[in-house]
Structure formats: C-alpha cells, structure tokens
Amino acid sequence: MTPKPTLYTLVISCPDQVGLVAAVSAFVAEHRGSLVESNNHTDVPQKWFFMRNVIDASAMDLDLRALQEAFAPLAERYNMEWYLRDNQSRRRVVILASHASHCLADILHRWHSGDLDCEIPCVISNHENLRSMVEWHGIPFHHVPVPVDDKSAAFAAVSDIVERHRGETIVLARYMQIIPPSLCERYAGQLINIHHSFLPSFIGANPYQRAYDRGVKLIGATCHYVTEDLDEGPIIEQDVVRVTHSCSKDDLVRLGRDVERSVLSRGLRFHLEDRVIVRGNKTVVFNP
Amino acid sequence: MTPKPTLYTLVISCPDQVGLVAAVSAFVAEHRGSLVESNNHTDVPQKWFFMRNVIDASAMDLDLRALQEAFAPLAERYNMEWYLRDNQSRRRVVILASHASHCLADILHRWHSGDLDCEIPCVISNHENLRSMVEWHGIPFHHVPVPVDDKSAAFAAVSDIVERHRGETIVLARYMQIIPPSLCERYAGQLINIHHSFLPSFIGANPYQRAYDRGVKLIGATCHYVTEDLDEGPIIEQDVVRVTHSCSKDDLVRLGRDVERSVLSRGLRFHLEDRVIVRGNKTVVFNP
Amino acid sequence: MTPKPTLYTLVISCPDQVGLVAAVSAFVAEHRGSLVESNNHTDVPQKWFFMRNVIDASAMDLDLRALQEAFAPLAERYNMEWYLRDNQSRRRVVILASHASHCLADILHRWHSGDLDCEIPCVISNHENLRSMVEWHGIPFHHVPVPVDDKSAAFAAVSDIVERHRGETIVLARYMQIIPPSLCERYAGQLINIHHSFLPSFIGANPYQRAYDRGVKLIGATCHYVTEDLDEGPIIEQDVVRVTHSCSKDDLVRLGRDVERSVLSRGLRFHLEDRVIVRGNKTVVFNP
Amino acid sequence: MTPKPTLYTLVISCPDQVGLVAAVSAFVAEHRGSLVESNNHTDVPQKWFFMRNVIDASAMDLDLRALQEAFAPLAERYNMEWYLRDNQSRRRVVILASHASHCLADILHRWHSGDLDCEIPCVISNHENLRSMVEWHGIPFHHVPVPVDDKSAAFAAVSDIVERHRGETIVLARYMQIIPPSLCERYAGQLINIHHSFLPSFIGANPYQRAYDRGVKLIGATCHYVTEDLDEGPIIEQDVVRVTHSCSKDDLVRLGRDVERSVLSRGLRFHLEDRVIVRGNKTVVFNP
C-alpha cells in the first residue's frame, strides 16, 4: 500500500480577471504540487471568480506555513479572499441539539464510523434526554437550559462552552432556538442550520403543519448558514421527498426527519471538505 | 383478443360514516359490476371520505343512465357529492397558450399519439406564433389578443370560444394571464394551471429570477386548479429538478421547462382519469 | 385527547371474483368495524386479488379471536390466504449483522426513538465490533462466528437463538452470508435482506466495484425477501442515488450506504405495517 | 445588449502529469483568452487526465486555425488527444427512428424552439408514419425499410444518406435495429443510443416485460454510445422513475417513454456541448 499523500486545500474567491487559473496553477506547479481536484466557477453577472484546489503536496518544496507566505503576494495582486489548509487538520465541530435525536444521532454515527472527517469536542443541548447517547460516543455533553425569560445568559453560557472547546464550526441539529446576532456574526460562515422545509417555502415556525394545510405534494429540508435574518441565510443543500393526501401531519414529520438528517449531513460534509464558498446570500458548492 | 370491456368510473366525496365501502361495493356487486380499481381515503381530522371506483360494467344489468338513477338514493342517504361516467366519453379540453411552446407541444404530442385520453376541440392563444403547430395536429387555432387596456373583452371572447367548442376542462399551458373570477368560478375544478415554481415558493411573477437570486438548490413546478386567489388553488402535482451555482438564470428557465411540461401532463392525466378529488383547498389524488 | 382506538389489520390474497370487496366490507360493517384504511389491487393477467384493511375495532361486537373465527367461513368460500391481527401485537424482529454498522445503527435508532413499531429481542453478528452499540440500546447481543469450514453449525446456532427469542421476522442488515435453504424456507416471507445494488443489476458479489467499472450514472439498493435463489427473491423496495465520473469506488460505497439504510428501513416498515403481500416472485406493496 | 462573445471549446484527454492545468491555462492566458468554464478530472487509478475549457476568444490574438496550430506542440508534449472548436460551428446530427414518435418528437421540438444547438440535416426511418411530422419541421425524411433478409443493403443506404448529408453525429431515437459493426466503428463516439432500461439491468430485448415480470420498483433508461457489443457501450446518462405493483406492463412502457426521451435529450445535449469524454468503456461527463 502506498503511503497516504499530504493533501492541502486552497480556496479562493476574488474579482474575475484574465489569467487567474494560469497564475494559481503555475504557482502550484512551480512548488512541485500536483492538482488532485480543481474546480472553478465564474459568476458572470457579478464578475466574480471562485476556485477550490486539492493539492498533493507530498513532493512540495515548502511546508504549509511557508507556502501560505509564498502565496500571499499573488493573492494580494488579485484581491483574493483565500485560505490554504492541511486536510489533516480536522475542524472542531460543536453540535447544538434540543429534544429531537434524529439529526444528532446521524452525525454522531457518521463521525463514529469514520465517515465524517472532523472533531466533535462537545454537544450542547437545552434538554437532558440525549446525554446518554452523546456520552456513549465518548463526547462531553453540556446541558444549558434556555429559559424563555433569560435567553441571553443561556447563550452567553453556550458561547463560553464553544470557546472553551475551541469550536470552529457550530451545527444546529434541530436546535429550535433563535441564535442571537452576536453569535451569528462571530461564527459567520461557520454556523450551520437545518430548516425543516424547502426554503423559501414555509419560512418560520411549524412548516410541516403548514405544508399539510397547503396540500403540497413534496416536502423538503434546507441546510443553510445562519445569518441574522431568520431562514434567509445562504443555502448549502436542499432535498425533497414525495408525500400524498394519505399522509397525516405526523407522517410528514416522520418523512421529513429522513430528509432533514440526510440534507444536514450532506451540507456538513460539503462544509468540512471546503466545498462551499459564500458570497453575499448565495453559495458556490463544488460537490463532486 | 378479448373485446375491450365497458368501464365506468364512480367518484364519491362525502362525510365519513361506517359502512360506506360496504354500501357502495354491495351496490356495484348487486348490479353485477366488477371492481377493476378501487381507492378510498378517509381524512380523519376532517371526518371526510373519498372514493374512486373503476367498474367493469360489461355484465351489468343497467345502462349508464339507469345506473345513475339507481345510485341516486344511496348517494342521498350518505350526503355524497358524486358522479358516475362512462370511461369512453372523452372530456373536451381547451388549451390556452401564450408564446412559449413547450407545454403545448407536449400535450399535443401526447394527445396525437393516443397517450392522453381526451378531445382537444381547439387551442386559444394571445399570440399567433403557435398556429402552424396546432393546425398541423388538425386542431382549430384561435388567436385572441389580450390588450393591457381591455382584458375583459378578450376574456369574453375566450369564454365564448370555449363554450362554442363545448369545452369542459381548460388547461393554461403557460398562458401567463390572470384569469378573471367569473371564469374561475364557472370552470371551478376544471381549470388547470402550471405554475413555474415549487409553490408556495416564489408565488407570483418571475419565479426563476427569484430562485436564482435566492440561490436555491432545487427548482420546481406546480400543477394546480385555478381559483380566484392567485397561485393558491388546490395543488394536483409538483416536482423539482436539481440545479447548481453554475446554472445561470437562463439555465433555470430551460431546466424548468422540462419540469413544467412533465408536471402539467401528469396533472392533466390524473384529472382526465378522474383521479383527483378537490375538497377545500386540497386534493386527493388517487394516482396509481 | 381521545383514547387511542383499537386497530386490527386484515390482509387478504385470493383468486379474483365479483363481490369480494362487498363481501369483506359488509362483514366489517356488520360487526360494527370501521375501515380506516382500505387498499386493494387486482392483478388482471393473473386474475388475483389483494386487499389490506385497517379496521377501527373499538366498537366491534367480537374480540380478535372471535372475529377470526367469524371470518373463516367467508375466507374459505373465496379461497383466501389471509390473516387478521391486532396492531398492538408488535412483531419480534431479530437482526443479523456483520461488521458494517450503518444499517443496524439506523434500525436501532428508529426503534429506540419509537419510529419503528416492533420488538427487537436480540441482534446476532459474526463479529464482536457492534456489541457495545447494541447493548447500549438494551438489546441482547449474540456473537456467532461463521467459519468458512463449518457454516452449518453456525447457522444451527443462529436458528436456535432466533427460536429461543421467538423471532418472527429476520432482517439481514448487511449480513454478507448466504442463508441456508432450511432457514429460507422456515422464515419464508419473513426474511428480509438489503442488497447493495439496484437489482437485477450486479447480482452477486462486489456490486459497487462492478458499478464503478461499468461507469453507471446511478447506483442503488434493493430490499427483498430472501429465497433460495440468491438475489432473486420478491422485491419490496428500491432506490437509487446519482453518481458521477468523479466518484471513486469508495465514494460509491459511501453514497451507497445511505441508500441501503433508507431502502432497508422503508422496506422493513412496509413489512411491519402489513403493507406487503407476496405472490410468486413479486410483491404488492400498499404503501401510503 | 452586449455583443455575443466568440467562444471556443478545448477538450483534452491525456496521461496525468504535474503542471497540465498550468500549461493549458497559461497557453490560453498568453493568447489573451479568458476561461469562461473550466472543468477537469483526474482518474487516479488510471493516471489519466480530462479537461474541458470554454474560452472567451473575443480578445484573442489568433483565429481558430492559428490557435489550433499554436496548441499542437503543447498537445504533443503531453500526449494529448484533443480538439478545439468554435462553439458557433453547429454539429450535424442525423436521427434514425422507427415507428415510435416520442423521442424523435422531443428532439425535433427542442431543436425547433432553439433549445438544442445543432443542425438536423435529415431523419431516416424504416417506417413511413413519422414523415409528416418530420417534414413539418422543414427537415428531409428518408424512408429506408430494413427487411429481415437484407439488412446489409439497408444499412449501406443509411450510411450513404448520412454521408450525403455530411452527418457527424447519429442519434438512434428508439431505432430498434442492431447497427452493423462497420457503422459503429466509423461513427465511434458519435453514435448515440437510448436503451429502454436502466443498464446493465435487462440488457437486450423486451426490457419492460422483463421489468414487469421481475417486479422491480423503479424502471429506467440509459443513453450510451454504441459499440459493437450490444448495450455495453459507454454510458452518458441514466435516469429512473418509480413504479408500483398496480402498473401494468403497458403502464411501464408509457412511464418509460418519458424517461427515455428526457435521458436521450440530456445525453445528446451533453454530447453537443462537448461535455462528454470517452475513455475505454466509461465516460467523463462535465455536466453543469
């Protein structure tokens, strides 16, 4: 068996200009990197360029730090927002859950079986009922109740716990609480929610009841980054499932659970693999 | 080859009561009819019952008219809304189209190749460009312009043409005009529209532009009965197709066309096969 | 809150005859049962009739046993294969697993959260690695190795454990062992497998490798009853997921896992809700 | 409105080497071309590289011919199979049809409404029934019967007509005849078929009957390049549709028609937009 190669991922977002691909790929080649995957996209109306490169760095002449420094002048010339990371550095993902277990159990199982490449330093919930499941996975569980009359203290505690665990990404696994603007801002582009409808249908509360009342023939779920505007953040992934007149509202909830968990886990995977680039209220998702 | 059997379809909607299926199926059996297909549904919260029976009437002792009369007392006892029709009596479907050809061409081809069981006595359009296509199919084409400042006269003319052709069902094949309340009422439950979004997302104008601006990952189409409330009528059928960040707004329009035409043709088929029962703002669709 | 009604399910398969629906529904009505759900299907070429009724028995004049006895003469007259059961009597499902956890974890989570209506008296595996996960759910775990040179002793042990736990249904959750004919026969119609391809594509071993080599654009999974003919038993449920040229064989395996577990859980649910009727090598699935 | 830019498409397939993307993108940038779309893929096990670039050539310093000459040395250095074409040069697509109209009507309508970017110099059929439909579109129709006892003369005639019309791509729109090896070879990579099953399921004749007999829960269609090995050529596109026990064999045929035509039209579009690269028995499809 060949040794696993050292892989770096380089993600770029910048104004579109002639020669961008050439400049970046020449840089990689000059330092003896090899492109394993390379995706790019030009948003023509916005004249904006997006690029994601997975680089086999096994034979490169510089280490990560030195490479980042070497790339900086090129990035500046093209006004790039960019980052270059070692694929081995696993992101630290804190999960916020409430009473419902389906999304949390799905993420924990994928992580536990090696299918999701991240650390999960802890799970925070406003209920106690999922503690045993979380702790079985060897993950610390924090119970932070969110009382109706003192949410700010609760979110201060949540924020504190995330920081203490050096969380980088926060996943709202059906957390069912509105996140305060300060947290949205602080974790901008790193705060992932699963909404239980096919947005922009049924924004807000009780989407399944409203889907039932409207008599739609498909229900869905939406994984998106959280911004201050409720349910209006950049969409990462969506999917739907067919329903019929014979489905009760409870059937919609049950069928919806399966869509929610698969959409969330796909969205989270895209995020962890650096496949998602946000610009304005939209995403570029270089999914394979 | 066996001769084609005589088939009747009996459609029922009424308050739910014990013994309904027994009463109806006993009636059919007593008259020596045989159930070829039988679907029923109970809306438990609404306590309402829906039923569709396809009856092989080849050996029945009564003709259609006599059978309808024989059924009437039973229907009255159970407060049924109902109808019983000979499947051979093809519905007369008038199509209203505008400039875009994809939905119209699809319906005409299905009709022409024997795949859609109906008559198409005429096509009405506010543009001339599709005349030749319609007339090639041997179907009369009526050009009724809809001037911005005199829509009522135009719709009077449309209504008149539909009547003259004894149209029973009206299909809006991307007609792009708001139908006046009088027509909505007159053809209630017989006026079918295709909306170019996954309702209730993007109600109203320019859904593809708004889907593009919102960055959704799926676009859809909705076939529904038209009521006075724009885009709020009972939904018959919906479907979606996956799109990505690399799709331009024109790509969405193009991909959407395929969903529109397939959703409309499925919805129309369900309608023509008496599979759709409307109650309030929802439908029961006994699709196979 | 209204008390939960007593529900019975009556499942029938018999030669098609005029008056069947009438006879059955009259029987139910006479005993003051109310049909909550009623599905039927006539296989016209085979002249065979299938029926599933969910009966609200709260007001019935007979208990289950007496009702079964009362129905027997009618069943005999029409040559029915049939059963009538109380929905409260949960089926006992033994799960056989191997090394892979995804299907087992999915079923256990659904069961644990009350989403799958059955008992799971035990899990049997030829590996030890899933013991802790199973036992966390409070379910006994039996390790029965299946040595290449003495499979018959192993399967005798498996059979013994199933019997001891009074297992009614056996689920092969990626068990990866060929079941001996004696077990197939004994649990005919109660032995459910998930095959990791869209049958009849890639019958047999290594379907993902073969799908990769063939360059298919969709991969799938098939839930079916096990018969002596490998991968040829009656299909309960299937589904597919889109793949591209950029998917490695390992990507197919990963994407396939999600299809496998959702297809298996849907198939198992249909089975547990008495929605599946087998005749010959095909199934009728009255899914909602 | 801005003038439409001059677009070229450059398609490359070659052994994988470090610096390929850099070399190609530098070439484009040096000649003042701008990459509008750029996709690439590395087949890691095969060590093979695939690339497709859409170049805005409006500001380039060389015309197409000169650019091709300038690229040749670079192509030779990397052992590329490649072509560079002007997107305005529309491919000439000859369609072969039989009695069934659905795929042909679909392609003709897309072409007629400007949705498919190609020329259709003629349609050839072994039946007369579709002549009027073809001729209404202003396209010559050739009737070439294929008698069972003299197929080679028929195919000589077909080949002759294709040549006379300078056909580049041949589409078998449910042509239902086995193409002789000489034609397969001559139009290798340009001969597109739609098979009415989800290959490799139901290779050969009567797939819908066999799908019905097997009791599958999904049926599909496959668009592939034709090679000498029947139904074994490189797959371009596939899709499926859900079916149930209540579908007759004729229902499968009807539902299948919709999948066939949509899969064929998608596959043909990918081909015409130079999105498909064949290697061995597999394709890379850079679909958006």
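Note that the chains take the letters A, B, C and D in the order they are written out, and that residue 1 is the start of every chain.
One rule holds in what follows: a contact is a pair of C-beta atoms (placed from the backbone, for glycine too) under 8 Å apart; a residue touches a chain by one contact, two chains touch by 3 or more.
Heads up on the chains, UniProt names are A, B, C, D = Formyltetrahydrofolate deformylase.
Keep in mind the model is a prediction, meaning the values are calculated, not measured.
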Of all the other chains, whose mean CA position lies farthest from chain D? C
The C-alpha superposition of chain C onto chain D, two copies of one sequence, needs a rotation in degrees (nearest 5) of 180
From the mean C-alpha coordinate of chain A to that of chain B, what's the distance rounded to whole Å? 42
In whole angstrom, how far does the Cα centroid of chain B sit from the Cα centroid of chain D? 36
Going by residue number, chain B touches two or more other chains at 37, 44, 244, 246
Once bound in the complex, which stretches of chain B touch chain C? 18-22, 25-26, 28-29, 32-40, 42, 44
Give every residue of chain B touching chain A within the complex, in rising order. 41, 43-44, 50, 198-202, 214-218, 220, 234-240, 244-246, 248, 281-285, 287
Chain B touches which residues of chain D in the complex? 37, 101-102, 105, 109, 113, 115, 132-133, 136, 244, 246-247, 251, 254, 257-258, 262, 288
